[in-house]
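Below: one structure in structure tokens.
Chain IDs A, B, C, D, E, F and G follow the sequence of writing; residue 1 opens each chain.
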Amino acid sequence: MNIRPLHDRLIVKRLESETTSAGGIVLPGSAQEKPQMGEVVAVGTGRVLDSGEARALTVKAGDQIMFGKYSGTEIKVDGKDLLVMREEDVFAIIEK
Amino acid sequence: MNIRPLHDRLIVKRLESETTSAGGIVLPGSAQEKPQMGEVVAVGTGRVLDSGEARALTVKAGDQIMFGKYSGTEIKVDGKDLLVMREEDVFAIIEK
Amino acid sequence: MNIRPLHDRLIVKRLESETTSAGGIVLPGSAQEKPQMGEVVAVGTGRVLDSGEARALTVKAGDQIMFGKYSGTEIKVDGKDLLVMREEDVFAIIEK
Amino acid sequence: MNIRPLHDRLIVKRLESETTSAGGIVLPGSAQEKPQMGEVVAVGTGRVLDSGEARALTVKAGDQIMFGKYSGTEIKVDGKDLLVMREEDVFAIIEK
Amino acid sequence: MNIRPLHDRLIVKRLESETTSAGGIVLPGSAQEKPQMGEVVAVGTGRVLDSGEARALTVKAGDQIMFGKYSGTEIKVDGKDLLVMREEDVFAIIEK
Amino acid sequence: MNIRPLHDRLIVKRLESETTSAGGIVLPGSAQEKPQMGEVVAVGTGRVLDSGEARALTVKAGDQIMFGKYSGTEIKVDGKDLLVMREEDVFAIIEK
Amino acid sequence: MNIRPLHDRLIVKRLESETTSAGGIVLPGSAQEKPQMGEVVAVGTGRVLDSGEARALTVKAGDQIMFGKYSGTEIKVDGKDLLVMREEDVFAIIEK
């Protein structure tokens, strides 16, 4: 089974805070909108501009990204917990 | 009887959670905005751009799609429960 | 007497639920925003684009349309109950 | 004394419901936003587009128009009760 | 001392209701948003369009204008009570 | 130390009401949004248009300006109380 | 580990008030939206315009900037407290 997000949407697998703190990033536990990390599973074909053309997304499948705690909508696919969000909700790409 | 949705609207037949969990996708039962799956029955001719031109939709009749729980408006056609929504409300297309 | 709607507005004669259920479409009686059917009586000359040009409407006089329960404003013309709405409020055109 | 409305604004003389019901249009007395009829007294030079050009209005002085009950602002000119509104607030032009 | 309003702003000297009722325009005393009259003291160089160009205002210094009761902000210049508002807030120009 | 405001922002030194009333402008003490005067200390390189180009500001360093009482954000630089605001918040330039 | 902010976002290291007051800027302690200073750690590739092109940011890594107290979202990277914000939230660049 394969999920193709529409336009500027992404499918993201959330990374646990414990895992990420080992890797170097520690997310504050009490902030109201806690940033989160995840790995991009699939991306849409691009944001549709006013002209009708699609602008390819910057984020790619496999990228590790940071986003706001309440960004996206939770879904379950093949038993895995995933998130659907827009590229607009992504703060940054993490490179190691 | 035939329904032609206007512009960027879709007619969608909702797939039951039980059916979808068999196919692999399990929708969480307690999330506030539960993603849902459906099959597209009919699509409009496209989103009208600022220029006045219509941009053909990405989603096609027969596609299986994911969308937010509260997306769309429920209608009954020939005794069948259907949904009317905009392509903007569609999260992703599911391929098997 | 003749009514010419402005720009992207339509004059619509609402079809009763009883009539429509005979024809095949049954509108749910308890939904909060019940879809409704109607017949288009008159249409405006088109939606005015940012460029100042008018884009002709898709809906035509005589079309049977579906729309949201709270769409439009009720008026009475020559003793008949009619609705004024924008094409944006129309969900779909019904063909038989 | 002469009033020149700016841009897309109109000066309208409201027609009484009694008069209009004789002519054929009966306005519902209990609807929350009652449509109203009026005669256009003066119109602006046109709506200013994003390009800076003015688009001439469709409505002309002398036209009988329908509009929402709460559209416009009431003014008194030379002892007459008039309304100022935008063409956007006009539903339709009535022809006899 | 000289005041140059920016872009699409105007400096307006409010005319008293008593004066205006003598001249022919009587403003309703109980309406929630009472139209008001004033004389334009100074105008900006024009509204800045999306293209970056300025579109010269329609209203000119010396014009008598009508506007909504709560339009603009009150200022005092050289002991005189004046208003700052945008041309968008002006309903009409009065000619005698 | 030097402050370079970004884009369409200005750094403004507020002029006291006492000083300004001597100069001719008296600000009303009880109005809810009291206009204020200030001297422009530094300006940004211009407002960024939709096209990506920057449009140079009209206001220049050294200008005396009027603005709304609650416009801008207070900062302290080298012990001086200053304001950061957008040119959009400036009502007018005062010339003497 | 490296963080690449998306589009018009910045990663900022907040400078303490005590440090900055020594450098000359004293931030008011009681203002509701206290301006803050920080050093830019990384910037995105630019703001995406309606045309789909990216406009390079004005702010660069290493710049000292001022911004509103509640701007941005707090993150922790390699044990350091950082902020993610948009260039739109930056008031000014400080040069020494």
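Assume contacts are C-beta pairs under 8 Å (C-beta built on N, C-alpha and C of every residue); 3 or more make two chains touch, one makes a residue touch a chain.
Quantities reported herein were computed from a predicted structural model and do not represent experimental measurements.
Participant: If you fit subunit A onto subunit G using the CA atoms, what's the rotation angle, as a multiple of 5 degrees?
Facilitator: Answer in degrees: 50, to the nearest 5.
Participant: How many angstrom between the C-alpha centroids of subunit E and subunit B?
Facilitator: Whole-Å distance between the two chain centres: 51.
Participant: Counting in whole Å, what is the centre-to-centre distance of subunit B and subunit C, each centre being its mean C-alpha position?
Facilitator: 23
Participant: Tell me, which residues of subunit B touch at least two other chains?
Facilitator: 50-51
Participant: List the ring in order: which chains come, beginning at subunit F and going next to subunit G?
Facilitator: F, G, A, B, C, D, E
Participant: Inside the complex, what are the residues of subunit G that reach subunit F?
Facilitator: Subunit G reaches subunit F through residues 23-28, 31, 33, 35, 47, 49-51, 53, 55, 58-59, 66, 68, 87, 90-96.
Participant: Please output the residues of subunit B touching subunit C within their complex, sorted ascending.
Facilitator: Where subunit B meets subunit C, its residues are 1-7, 9, 11, 42, 44-45, 48, 50-52, 73-79, 84.
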